[in-house]
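Going in written order, the chains are labelled A, B, C and D, and every chain counts its residues from 1.
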C-alpha cells in the first residue's frame, strides 16, 4: 500500500516536472510548481515528516506560488522561445549533475534501511528516545528545532527577517506625499463584484486566525510551531486583503507596525539567548530560565516560538502587502495611461475639426 | 524494497535535474526562479528521505510505538524551506524592480539594454 | 680622523647610514618653509651618512664582520644587512657623491627656480637611503626590495617638472623598470631561492651545489643568469635601455647622481653581486649562456656609443654614454676573469666620478647659459672656464685616459677580456673608447677652441660663470677623478678582496 | 563573563543589533548602533584571536547541548584569522559608510541598509566560528540574502540585474553545498564537522574500507567543492562577481570585496581540511589537478579582461577574480607553505581591495561615477584619496614594501618549492598585467588633465578619507612589519594540515 502510494506520488512528480520543463506558458509553469509542491508535501507525510509537510504546503503551495502569480500579473505571461544551443548546454550540465549524484547514490544505504548511519549514530537515538524524556515534549521535531538546534532556527529567523527587510527595501512603498490618484474601481478591492464570495469568505478569517494561534501553541504535541503559525496567520490577513483590497488591509495593520514587528520577533528570540547568558548559562540554554530545567526549556521554547511566529507572520504579510501594492500601482498606472490615451483620442478629432 | 530504495533516489535525482535544467535553460527570469524552486524542493525530498526509517513512524511520541523516523532531517529541511522562500521572495521582488526599470524580464533584452547604456 | 669615528659602534654606523638619509628627508619636510635650513639639513645628513659609511669601511679594513639581521616578514624573505667589499665600494661612492650633489643641487635648483624643492630633496634623500640599503643587502631578497624601493622613490623625481613629457617619461620609466623587475628579476630571485634554499650572498656562490647534486641543469642556470642580466634593467642592457634617456627630463642633479651613479649602478651592482656571490665565477664560466649575454652587452657598448654620437641634446648624449659604460661593467662581470671583475668594480667608482662631473657641467650650462644642445656650445669655455675644464677631465675619465681613474678600470677590463680569450670584446671596448673620444672630447674642444657665436645669432653675450655651489661641486668631482688616478690602491684592494674572498 | 561568551557574542551582537536598527528607524541612529556593534565585534575578535593563539581551539556549546547533539561553535586559528579580517574591515568601513550611504542610497532605506549590513557581517562571522556543517549553511544564507539586498539597495538599475544573477548563482551554490552536506550526513549520521571527520575514517559497517572511500563521500566532496567555488568566484564560476562589485554601493563593494570571498575560501578550507581532512580529499579527487590550472587560467584571463575595463569598479572586480585565483593556487598546492601563503594573501588582499574600493568610493562621492573617461585628472584634486589609491594599487601589483609583495613572495616560494616553474612564471605574468591595469587607473586619475570647464572638485569628507587612509597605511604596515601576520597564517596552516595528518 505504502509502496503504491509512493509510486503514484513519484509518477505525479515526474510528470509535473516534465510538464514544467516543456510548457511555454508562465502561468501554467507557476501553477505546476504549486502542484509539485503540494504533492511533495504529501510525499513528506508518507516519509513521516509531518511538520515539513505542513510547512511545504503552506510555503511552497501557498506563499511561493502566490508570490510568483502576483509577479506574473505585473510582468506578463509571455515567454520568448529559447535558443537550441542553450538548451543543449543546459541539458548537458544537468546530466553531469545527475550523473554525479547517481554516482553518489551507489554507495548509499537504501531508503529506510535501519543500518544507515543516519539511524545508527547515537544522536538519532538521542533525538527519538532521550529527548522526549528530557524535554517532556512528545513532538520530537519541536525541541530539536527550538533547543538542540535552536541556533539554526535563530539563523532561519534572521533569514526571514532579511527577506522582509529586503522586500521592503526593494519594492516597499515609500510614504508618498502625493499619493497616486486612486482609480475608483480599485478602491474597494477586486472582490467588490463578488458579493457572495466576499460575505462567505469573511466568515473564514476568524477561524483561520484562531487556527494559527492553535498551531502556534500546539507545536509541542502535534505538528506545528511558530513558523507554520506565522504563515497561517499571514494567510488569514492575505484573505482579508483579497476581499477588501490592499489599501484597506494596510489601514487595518499599518506597514510601519509590521516593520517593527518583524524586528521585534527576532529580538525576542535573540533576547532569550542573551537572558540565558545573563543567567549564567550558554546562549539559548533555556534551562537557566526556571529552577526546574524542564520548565525552563518549556518557557524558552514557547517564547522563541512566539518570536518566530511574530517575525514570520509580519514578514509574510509585509511581503504580500508589498507585492500587492506594487501590482496595484502597476495596474493603476496602466489604467491611467490607457484612460489618458483614450481621452487624447477623443479630443484629437475635435481639435482637428 | 532494496531495489525500490534506489529507484526512489534516482527519481529524486531526475526531479532535481529537471529543475536545474529549467533553471539553466530559461531566459525568462520568473521561469528561472520556478526552476530553482523545483530544484530545491527536489533536494528537500531527498533530504527527508534520508531520515525515513522502514517501519518507523512520525516522530511524535505515541503510546505503543517504538521506532520513529529520524527527526533531524525534518528540522534541517524546515530551515531550508524557509531559507528557500526567503530567497524566492527576494528574487521575485528583484524581478518586479527589473521589470519597472528595464521594461522586460527576458535576460537577453535586459543584457542588450545594459550593453547600450 | 679614525679616532673621531671610533666611538661609534659599527652596528650603529650601519643603521645610521640607512637612517640618516631618512632623517634628513624628514627634516627636509619639516623645515620645508625655510629653504636655507632645509638645504642645510640635507647637506648635514649627507655628510653624516658619508661618515657612517667611512666608519663601516674602517671596520671592514680592520677585518671586523659587519652584518645584521633586521626582520623576516615571511620565511625566506629575510631583511638582513652584510657589508662586503663591493657593497662598501658602491656605498662609499654613493654616499660621498650625495653631499656633493646636494651642494650642487642647492645652486642649481635655486638658479633654475624649480618648484616643489622640498619634495625634491626629500625623495632624493629617500632614494639614497634605499641605495645604501641595497649596497649593504645580505641577500637577494632584501636587495630586490631595495631595488624596487629605488624605482618608486625616484619616480617623483623623474616626473618632477609635472608636465606632459615628464609624465610620459615617467610612464616609460616605471613601465620598463617595474615590468622587468617584477617579471624577470623577481622570478630570478625566487628561482635562486627555490634551487639553493637561500638567497644569501656567499663568497663562491650558492648555486654550484645544486648543479653538482643534479638538481638543476646548466641550461636552466643559463636562463636564470639571463633573468638577472635583463631583469636588472637599471643596468640598461639593451633592449631594456629606453627608460634612461627618458629619465633625463628630471632636474640635472637627479640625472647626475641617480642616473649616472646611484640608480643605474644599482643595476650593474646587482648583476655583479649575482655573478660573484650567487653564481660564483667558476660556475658562470661553465655556462654557455654567459657568452651569449656577453655579446648582448658588447653590442650595447658599441651601439650606445654610436647613438650617443648622433645626439645633439647634451643630456641625452650623456645618457647614451652611460648606457654604454654600464655595459662595460656588465661585460666585466660576465667575462668572469678576475681582472675583469675587478675592473668592473673599479669602474663603478671611476665612471661615477667622471659621469657626475659631466652631468654637473651639463646642468651648469643649462642654468647659466640656458644651453641644452651640443651645437650651441661653441666658445662657451671662455665664459665658463672652470665648468668646461672639469667637463674635459670628466670626459677623459670616461674615455679612460690619464690623468683620471677611468684609465685603471678600463685597463683591467681590457686585460680581463684578453685573458679570457674574448677577442671581439677587446675590439668592442676599443671601438667604444674611440667613439667616446669623438662624442665627448669634441665638446670641450668646441667650447674652448671654436669662436663664440657673435651677436647676429641673437644670444645675449654675457652670462658669467655657473653658481658658486655648482662650481665647487664640479671641482670636487673632477678632483675625485684625478685622485682615483693617483691613489687607486684603496679601492683596488677592495675589489681584489672581492674576487679573492678567503682572507 | 564576556570572555567566556565572546565567541558567541561576536556573532550575536551584530545579529541582534540589526533588528534594533529597524526599530530605531532613523538612519543616523541605526548607523550609530551598527558602528558600536561592529566595533565591539572587532574588539571581541581581537580578544579571541589572542586567546586562540594562546590556548588553541576554542569551543562553545550552543544551548548548553554537548555536540554532536547540539550545535557547536569551534574557533581555530584559520577561523580566528578570517574573523579578524572581517571585523577589522567592518570596523573601518562603518565610519566611512555614514557619508557615503547618505550620498548613494535613498534616505528612507538607511535603517534597512544598516540592518542588512549587520546581518551580512554576522552571517560571515557565523561561518568563521561554526563547527557544524548545517549551521554553516544557515550562516551562509544569512550573509548571502543580506548581500543581495545590499547590492540592489542603491540607485543604479544595473545593480538589480547583478544582484538577481548573484541570487540565482548564490542559491545554486548554497544548494550544492546542501546536497554535499546531505550526502555526508547520510554516510555519517551527524552534522558536527569533527564528528563527521572522525566517522569518515572509520570502517564502514559492511567492512569495505573506510567511509571516506565511498562513492557517496566523493560525490559529496564534488558538490561541496563546486558549490564553494561558486561563492569564491573561482574561474569559470565567476560570472556573477564583476557586476555585483561594480554596481553595488561603494561601501558594499568595499566590504564585500574585502570579506565575502575570503570567508568563502574559509568554507573551502573547512571542507577540505576540517571535515574531509583525514579523508585526504586531495587524494580522493583530482582537486589539485583541476584547481591550480583553473586558478591560474582564471588569474590570467581576469587580469587580461581587467585591462580592457572602462569602469574602475569593474576593473577592480576583475582584479579580485585574479587575486582569488592566487589564493586558490596556494590551496590547490596542498602544502603547508601554499596554504600559509593563501591565508596571508587573504589578509593582504582584504586590505588592498578594501583600500582601493574605499578610495573609489571617495571619488564616487565627489564625481558621482566610475567610468574612466569621467575621472580624468580627478586624482590631482583629491590628493589624499589618490595617495590611498596609489598605495593600494602598488600593493595589488605586489611592489616590495607593500602587503601585496609579501604574500605574493610567499605564494611564489610555495609554488617553486614544488617546482611548478610554469605556474610561477604565469603568476608573474599576471602580475605584469596588473601593472598595466593599475597603471591605467593611476594614469587617468593623476596624469590626464581635467577636461576644460569641469567643475572643481574637493577632497572627500574627512570621515571617508580617514578610514581609507587607515587601510592604505595598512598596506605599508603589512608590507614592512608583516611577520606577525605571516606567523599567524603559518600557524593556522600548520593547524589545518595537522588535522589531515593521521
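Here is the rule we use: a residue touches a chain if its C-beta (ideal position, glycine included) is under 8 Å from a C-beta of that chain, and two chains touch if they have at least 3 such contacts.
Not measured: the values here are computed from a predicted model.
Peer 1: Hey, what chains does chain A share as contacts with chain C?
Peer 2: D
Peer 1: Given the contact rule stated at the top, which pair of chains has the most C-beta pairs in contact?
Peer 2: Chain pair with the maximum contact count: A-B.
Peer 1: How far is the middle of chain B from the middle of chain D, if each middle is the mean of its Cα atoms, in Å?
Peer 2: Comparing mean C-alpha positions, chain D is 27 Å from chain B.
Peer 1: What is the distance, in whole Å, between the centres of chain C and chain D, each centre taken as the mean of its C-alpha atoms?
Peer 2: 44
Peer 1: Where the centres are mean C-alpha positions, what is the separation of chain A from chain D, in Å?
Peer 2: Distance between chain centres: 31 Å.
Peer 1: Using mean CA coordinates as chain centres, what's the gap between chain A and chain B in Å?
Peer 2: Result: the chain centres lie 13 Å from each other.
Peer 1: For chain D, which residues are shared contacts with two or more other chains?
Peer 2: Residues 134, 138, 141, 145, 148-149, 152, 179, 185-186.
Peer 1: Which residues does chain B have that touch at least 2 chains other than itself?
Peer 2: Residues 33, 50, 72-73, 76, 79, 83, 86-87, 90, 94-95, 97 of chain B each touch two or more of the other chains.
Peer 1: So which stretches of chain A touch two or more other chains?
Peer 2: 101, 105, 108, 116, 118-119, 123-124, 127, 149, 152, 155-156, 159, 162-163, 166, 170 - these are the residues of chain A that touch more than one other chain.
Peer 1: Based on which chains are in contact, what kind of graph results: line, ring, star, complete or other?
Peer 2: Topology of the interface graph: other, matching no listed pattern.
Peer 1: With touch defined as at the top, which chains are paired up in contact here?
Peer 2: A-B, A-D, B-D, C-D
Peer 1: Please output the residues of chain B touching chain A within their complex, sorted ascending.
Peer 2: Residues in contact with chain A: 1-2, 4-6, 8-11, 13-22, 24-28, 30-31, 33-35, 37-38, 41-42, 44-45, 48-54, 56-62, 67-79, 81-90, 92-97, 99, 105-106, 108.
Peer 1: For a test of understanding, state which residues of chain D touch chain A in their complex under the given definition.
Peer 2: 1, 5, 8-9, 12, 15-16, 18-20, 22-23, 60-65, 68-71, 106, 108-109, 112-113, 115-116, 119, 122-123, 126, 134-135, 138-139, 141-142, 145-146, 148-149, 152-153, 179, 183, 185-190, 199, 205, 211, 214-220, 222-223
Peer 1: Can you list the residues on chain D that touch chain C in the complex?
Peer 2: 337, 341, 344, 394, 397-401, 405-407, 409-410, 412-413, 416-417, 419, 421, 424-425, 428-429, 431-432, 435, 439, 443, 447, 479-483, 486, 490
Peer 1: So in the complex, the part of chain B that touches chain D is made up of which residues?
Peer 2: Residue positions touching the partner: 23, 29, 32-33, 36, 39-40, 43, 46-47, 50, 72-73, 76, 79-80, 83, 86-87, 90-91, 94-95, 97-98, 101-102, 110, 114, 117.
Peer 1: How about chain A: which of its residues touch chain B in the complex?
Peer 2: Touch residues, chain A against chain B: 3, 6, 10, 13-14, 17-18, 20-21, 26, 29-30, 33, 36-37, 40, 43-44, 47-52, 55-56, 59-60, 63-64, 67-68, 70-72, 74-75, 79-80, 82, 86-87, 89-91, 93-95, 97-98, 101-102, 105, 108, 110-114, 116, 118-119, 123-124, 127-128, 132, 138-141, 144-145, 149, 152-153, 155-156, 159-160, 162-163, 166-167, 170-171, 221-223, 227, 312, 319, 322-323, 326.
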